[in-house]
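Chain nomenclature is as follows: A, B, C and D, assigned in order of appearance, with residue numbering initiated at 1 for each chain independently.
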Amino acid sequence: MIQEGSYVLLFHTSRKKWLTRVNREKKVHTHIGVIDVSSIIGYEYGTIVKTSEGKIIHLVEPTIHDFIMKSERGTQIIYPKDLGFIVARTGLKSGSKVLEIGTGSGGLTTFLASIVKTNGHIYTYDINPNFIEIAKRNLEKAAMTPYVTMHLHDPRQGVHVQDADVAIVDLGDPWTMVSHVYQALKPSGAFVAICPTMNQLEKSAIELKQNSFIDVDCVELLIRNIEAREGMSRPSMRMVGHTTYLIFARKTSYGM
Amino acid sequence: MIQEGSYVLLFHTSRKKWLTRVNREKKVHTHIGVIDVSSIIGYEYGTIVKTSEGKIIHLVEPTIHDFIMKSERGTQIIYPKDLGFIVARTGLKSGSKVLEIGTGSGGLTTFLASIVKTNGHIYTYDINPNFIEIAKRNLEKAAMTPYVTMHLHDPRQGVHVQDADVAIVDLGDPWTMVSHVYQALKPSGAFVAICPTMNQLEKSAIELKQNSFIDVDCVELLIRNIEAREGMSRPSMRMVGHTTYLIFARKTSYGM
Amino acid sequence: MIQEGSYVLLFHTSRKKWLTRVNREKKVHTHIGVIDVSSIIGYEYGTIVKTSEGKIIHLVEPTIHDFIMKSERGTQIIYPKDLGFIVARTGLKSGSKVLEIGTGSGGLTTFLASIVKTNGHIYTYDINPNFIEIAKRNLEKAAMTPYVTMHLHDPRQGVHVQDADVAIVDLGDPWTMVSHVYQALKPSGAFVAICPTMNQLEKSAIELKQNSFIDVDCVELLIRNIEAREGMSRPSMRMVGHTTYLIFARKTSYGM
Amino acid sequence: MIQEGSYVLLFHTSRKKWLTRVNREKKVHTHIGVIDVSSIIGYEYGTIVKTSEGKIIHLVEPTIHDFIMKSERGTQIIYPKDLGFIVARTGLKSGSKVLEIGTGSGGLTTFLASIVKTNGHIYTYDINPNFIEIAKRNLEKAAMTPYVTMHLHDPRQGVHVQDADVAIVDLGDPWTMVSHVYQALKPSGAFVAICPTMNQLEKSAIELKQNSFIDVDCVELLIRNIEAREGMSRPSMRMVGHTTYLIFARKTSYGM
């Protein structure tokens, strides 16, 4: 049941939806009319209400996906296609211990926390206090604060994590973090880097191969929407052409 | 430390690797020589050993990804790009309650279990006893059995699940399951279908829109490898052109 | 040398460029200033002039590509990636005899004419007089009129062409034209259809296979821009996700 | 009518087809039986014959596309998707004067000649006499010899071409040819380079921008086959992930 303090996704269409925290005083103003938030207290998720202009609003219970897509942003977010592949490719799971270098707006942090909780943990580093603040607010909204330790600290000075299952680097120069990550990972632990440019990918791959990482795997993912309609289905005319390349590797022993 | 009964990924290169269960009697025969499994007992993961022909083998601790990619197969598996996106798009997380219709070889089941454990659960249905047996063996290897309930039962007769967070349909005719899934989902719960053909996608999208589902979203993901080499990085010449389309939707109230 | 009546591409950047016909009276008004067209008479192509606001304009000699991209449009145009592939896949060449069903705005007509001239010819059909008028103006600008015969005629009533090397169908229901095209093609002649939806592609492929066409080949082309910059090259974030599917086939004997 | 000396594509399926020159003595041996070439003399293209094992063979008249795809190869060929886009993007047409640097096996040469003939011409350079020989044989088969002048000459020493409409560079270091190509092009003429790696693309783009070329445009094309079948159409599982990047630019005046 929706209560004071609950989060609700006010859903009109896939492109017109608003994430809000329920508060007796709040009115959400949209171009399809006003939604009086106090009036939805006591309703179940899944109920339909109307705006002041009579437009339909579905009261949807927000998921981690909704929290991330509607999060406060200070940096480029990582897209769901890339978030999901990081988990599936590394085998990151409930209970995993994860090192994240480059907290940014905390979108990846939120997603990883939702998966590793309640027995796992995320240790995340950023040197920018603004990002740490934004990430903190985003984690709170999604109720992921207990599973994350945030460090306002330059990771190039070293990180205080041992035996991580997975380490994810989201910095402009990921290749500089290879030896620090090596120290922080458990044997067979996974390295991941977010590399928007080919240059970052190339430098990181070379550095990894020279520093006792194996199974170095560079990929990019493309996602395309399909417009499914009776007798005339076709891909959408617009798509995102590029978000980032991703690089994966695993720690092995020195001296290979 | 590697012990009798441990699983080890014997890694030579990204294309030459073998997943094995440690057993004093076992010898793994490969075209790069024999690996005497008894000799690795007592080693740490990350250690390097050699085959009878002197080729290097890294003793890698297998992840959920390795178990899935090296699983016994009775059906087409779902690829990591698709597995990961299902999680990221639906917000499926540690603690989720999931209905899976079409167990197949249990690859998706294994992956989902690794994420929802230990407080969540997977309820999976298949009418084919062979698939149920294969899936059972695959789940055991990956130690995911406690988090899964398997039903050898025709899901078209109805499913005994209530308040699921997410339901995933991997059958040839996913549109036939829409009303059963509606009953099984909690309000705002997510529907997912694996649709290899455009026809399956089109029929399922139409059925969902006519049956109180909103946010119907059809996508396909393409993954491309990049060969990162100094001064000559480029995408790989070969790639997988298609695995499946995916459809996502959310339950809302009747009578919308 | 640029003269009265010449066409010039006034090029500021790849996104800011204007195709104009030189006329002593004309002034081109843009948001980067006014270009006095009379002042460029007598210049060579490749010269640089300035707008009234001092912005640089390159006087570029327009190509067939420029004429098509800047053409007057009454319908969705066919993109260069698809135009080019039609030629490369069918082996259409200088001297070819081509049947086009569905003239539209004449972009494809213009392109094909530029290749088959001066010994080849395009015979094109459309039932819409507005399209025929638009196409006529577009062909005139690109100086391709002598190589094209236009028919304001319903192609479903039959077409008066024999021994065509290639026939290209750009209608909503291309499968209905299969038998007419069969009659119009020479032995081994090529059939091409522009099919924006999967349904059109599927129906056309089935019809072709049942009507003495072989080598039925269905494809789609994706084009992605790359932003090449020193040390930070990467694909563009935006791309076109879909224009059309294409289907190719060749005529063989009856009774196969 | 098929005669001694005619070329015929012996077509069984899209994957099983053989290009042959008709010769009374020749027998083509395949795993679906022997084809007695003397027996097809006098037949029309489009006729169906049988192998010694009773398998159907369509006698198809080969196109330029068939000659290129079945050509003798000494180097990586350029794919039809890339061949076609070069023509469509530059506006290359019947009558164009073209400079080609890097003849290779002559596939691109053959294609370009088929379009520029009979009033246009291709001037092509290669330093490797083996490639020149292979290209010569391939051009002869396709009857394109009259429209091509071949130079066994190092293009880095300069090229003797003036006022070319289009210049295409297919060498390992295309950026080294930028100033030579500038001299050879007419004002507004088009530069094209075939760049398999990102590094080649980046270096060439930088060099072009610094040397009086405008409209520098870097792209890659992806082609995917679709399997169109009644009620179950879908993209093919395999596709080519990468052939080459392409770069396009236009000559403008010095001192921009």
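Just so it is clear, a residue touches a chain if its C-beta (ideal position, glycine included) is under 8 Å from a C-beta of that chain, and two chains touch if they have at least 3 such contacts.
None of these values were measured; they are calculated from a predicted model.
The chains touching chain A as well as chain D are B, C.
Within the list A-B, A-C or B-D, C-D finds its counterpart interface, over half of the contact pairs alike by residue number, in A-B. Note: centroid distance chain A to chain B, computed from Cα atoms, is 21 Å. Look at where the CA atoms of chain A average out and do the same for chain C: the two points lie 43 Å apart.
Shared interface positions of chain A, i.e. residues touching 2 or more other chains, are given as 198, 224-225, 233, 235.
Those residues of chain A that touch chain B in the complex are listed here as 11, 14, 44-48, 56, 58, 60-61, 63-67, 80-81, 83-91, 93-95, 111, 114-120, 186-188, 190, 198, 201-202, 204-206, 214-230, 233, 235, 245, 247, 250-253, 255-256.
Contact residues of chain B toward chain D in the complex are 196-199, 220, 224-225, 231-243.
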